[in-house]
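A quick write-up on the structure given underneath.
For reference, chains read A, B, C and D in written order, and residue numbers begin at 1 within each chain.
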Amino acid sequence: MERATFADMVFLLHQGELPTPEKRKLLDSILISVADHGSGAPSCATSRLVASGNRQSLSAAIAAGVLAIGDEHGGAGSLCMEMIAAGIQRAAKESLPLEETAARVVAEYRERRVNLPGIGHRWHSVDPRTAVLFDQARASGLAGDGIRFISAIETAVKEKIKPLPINVDGALAAVLHDLGFPPAAGKLFFIIGRVAGLSAEVQEEYQREKAMRIRIPVVYDGVPPRSLD
Amino acid sequence: MERATFADMVFLLHQGELPTPEKRKLLDSILISVADHGSGAPSCATSRLVASGNRQSLSAAIAAGVLAIGDEHGGAGSLCMEMIAAGIQRAAKESLPLEETAARVVAEYRERRVNLPGIGHRWHSVDPRTAVLFDQARASGLAGDGIRFISAIETAVKEKIKPLPINVDGALAAVLHDLGFPPAAGKLFFIIGRVAGLSAEVQEEYQREKAMRIRIPVVYDGVPPRSLD
Amino acid sequence: MERATFADMVFLLHQGELPTPEKRKLLDSILISVADHGSGAPSCATSRLVASGNRQSLSAAIAAGVLAIGDEHGGAGSLCMEMIAAGIQRAAKESLPLEETAARVVAEYRERRVNLPGIGHRWHSVDPRTAVLFDQARASGLAGDGIRFISAIETAVKEKIKPLPINVDGALAAVLHDLGFPPAAGKLFFIIGRVAGLSAEVQEEYQREKAMRIRIPVVYDGVPPRSLD
Amino acid sequence: MERATFADMVFLLHQGELPTPEKRKLLDSILISVADHGSGAPSCATSRLVASGNRQSLSAAIAAGVLAIGDEHGGAGSLCMEMIAAGIQRAAKESLPLEETAARVVAEYRERRVNLPGIGHRWHSVDPRTAVLFDQARASGLAGDGIRFISAIETAVKEKIKPLPINVDGALAAVLHDLGFPPAAGKLFFIIGRVAGLSAEVQEEYQREKAMRIRIPVVYDGVPPRSLD
């Protein structure tokens, strides 16, 4: 408590050792990058909805927001870490360069018509957060096979499909891999960071909004009225 | 399993005895009345939102919907049961008729500017579910002080404020009281019944909808862009 | 509310039609069979633990118990329904009798060293609940390919491995299949039934026990005390 | 992401401004002090129990642990912040010195036989974390009425009852008050910090333990076997 920061504590709890200042800086950047993404994200909207119906439990509102985090929301980092770990292992086993392995992985995902996790962005052609994370990792000598492999994936995508950026999920996946974390960490650190955002959303909902204010408009499209006798 | 119904089991688990057929019928009616209220209710919308972001866990989606149930959503039954239990106890202690006690309770709530739980409805001037529940209770000789007291509240409200119906929360509160349940049962049986509805909502969301389809539109109204340095 | 039971409502919500009395009876039996299994089951213990630390929210305690339900606890029914659905489809596609298909499935699970879902029981050599469910299904003419296939699995296991009974998960999986439900129903109906049990556990914990009474004894086996400087 | 730490982000999200380095240091200390307290705490035990029954969702396990956080577990900070805020407001309103107000508050809690939140510890006669937090606050000039009031409470307890230390909940309550946070922050920051610990517990449970390994021994003490006919 006297010298360490919370990021040190997060690192210590998950790896059993305190991080170097450079590793701590990267972890801080990762937690910051996922903390909040506006009230419309499923996790945040869920927390607010629960705070609207149940104002007796801050825990309930935050926990519900956490439950909205899955492979589809906040889970791309874990899926990308699995792809990176498998790719690097395969390169070693088959004595292939990372570039060649990445090209094969891209071809296989394409054949299976599955999106590559960590690649592409709905609006940006470059994700600015990726550059920040990779610059920090390179400047501190912590960039390793994770960043190399995801960059090789990016290159292969550009050559075979079209130019698509490494998004923030891909960037944090590569960096977490290079920091020595297993794939589950992609989701766990998303949760740790996002809980700070959920807490702030819930604090605002309690302070500023009335209960039951959120109404979701729904249009019924099922069977017409009928007798069930 | 050979003769009992699920409502028998619910009763047995909470009171330690199987119900008579008449009591079972009332419990069935109560569970049915709260099972579903459209996808726009906070509990249902929460379950769908979680199913949209996290498609790896049916449990997570249903649990999140349960978390939206609180005093403001699904909790009026418990609050009304507390009012009924306190009113009946007070009538006995102060040797007052239930009607006089109800009149005093209405006056006190009014003075404190607190809504009477179980009274009034946004659209209906009569709640049809109340008549069904009370008729069933009376026909089977199970109507007791609970129904008498909430009816006295309704009369006092009509005389002192304006005609307002006993809504479904008030009706199930009175009937659950007369069946011998404590106030917490108002919320517990709402949860048991509603989980059937949440399950059906989640089943439909998984089968028919794509992940991440739900976007909540949000307008930011905080401080304008600024430098944080 | 006037004639239907809660099991009718559960069926209606999930299939869009009211059940026949025979189908309703089977659904009642299934919901009863999973409602409670003692306070030591992970779902029940979780609800009690949460009620011990957080006494402001009945919803939180029940929701947490639901979260403990997964493939490993309460999920065998869904896994078994998937096996049954896949087996019947394969028999049709490859024009094989169900018996022969079952024999191949058993051989394949054995080769992959995966347990057959719905088969075997820690203590019973016969699970009495299976007989009740199957008798009810057969007596009402509702027994179909689901019961036939799981019985063929049981026979193949007896011949190739050793006599092992169809347990309650296997029995409800077969019956739910024959009632026309998809595999997810195995988990959903487990949740609907178990919530009744969780509610009763939480009611007792609030009424009878002090907060924070549950202490889980833990023995630390990590690294010894050390300086982190 | 380039200069800020995660504690900066947490502060920014809840107060709308970045903290000074001294404020950030205090927030780091608070988050560290609540992050983990061993696997036996209700929140941690709940997360592990859920991870034992449901291995399909990291979110479910962490969310369940959050649900165990309430007034009784992790909530003392919020309760103490309410006492501090009310005490300081009362001193101002009644033009009383903080010391005299604290003496009255202690007398009133004693009369109502309610424990003073933030005071006393099961094992320690001095809580070492309190000294660290208060020294940091004083050294950076951030100690204010919060620390003064809780210290006055400690003095009044010593004089009227017996010497009891300010525990970590009381210390973080006083410091959070002096940092300008409302009472809800006591629970919210406990949750943010503890989620890091829950994440590490869940990571270990998934990596090292088998599913369904946790059995809670239960002794039934209800009615003896009987016929329910």
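Operating definition for what follows: a residue touches a chain if its C-beta (ideal position, glycine included) is under 8 Å from a C-beta of that chain, and two chains touch if they have at least 3 such contacts.
All figures in this text were calculated on a predicted structure; none of them were measured in a lab.
S.K.: Between A-D and B-D, which chain pair shares more contacting C-beta pairs?
M.R.: A-D
S.K.: Relative to subunit B, which chain has the most distant C-alpha mean position?
M.R.: A
S.K.: Matching over half of the contact pairs by residue number, can you pick out the copy of the A-C interface from B-C, B-D or C-D?
M.R.: B-D
S.K.: Could you tell me the distance, in whole angstrom, between the mean C-alpha positions of subunit A and subunit D?
M.R.: Computed value for the inter-centroid distance: 28 Å.
S.K.: Where the CA atoms of subunit A average out and where those of subunit B average out, how many Å apart are those spots?
M.R.: Chain centroid spacing, subunit A to subunit B, equals 38 Å.
S.K.: Measuring from the mean C-alpha position of subunit B to the mean C-alpha position of subunit D, what distance in angstrom results?
M.R.: 33
S.K.: Which parts of subunit D, given as residue numbers and ranges, touch two or more other chains?
M.R.: Within subunit D, residues 4, 54, 56-57, 59-60, 63-64, 67-70 contact more than one other chain.
S.K.: Given the complex with subunit A, which residues does subunit D contribute to the contact?
M.R.: Counting only subunit D, the residues touching subunit A are 1-2, 4-10, 13-14, 27-29, 31-33, 35-36, 57-60, 62-64, 66-70, 129, 132-133, 136, 182, 184-185, 187-189, 191-193, 195-197, 199-200, 202-203, 206-207.
S.K.: Along subunit A, where are the residues that touch subunit C in the complex?
M.R.: 4, 12, 16, 18, 54, 56-57, 59-60, 63, 67, 222-223, 228
S.K.: In their complex, what parts of subunit A are in touch with subunit B?
M.R.: Touch residues, subunit A against subunit B: 38-40, 42-43, 45-46, 49-50, 52-57, 60-61, 63-64, 67-75, 211-212, 214-218, 220.
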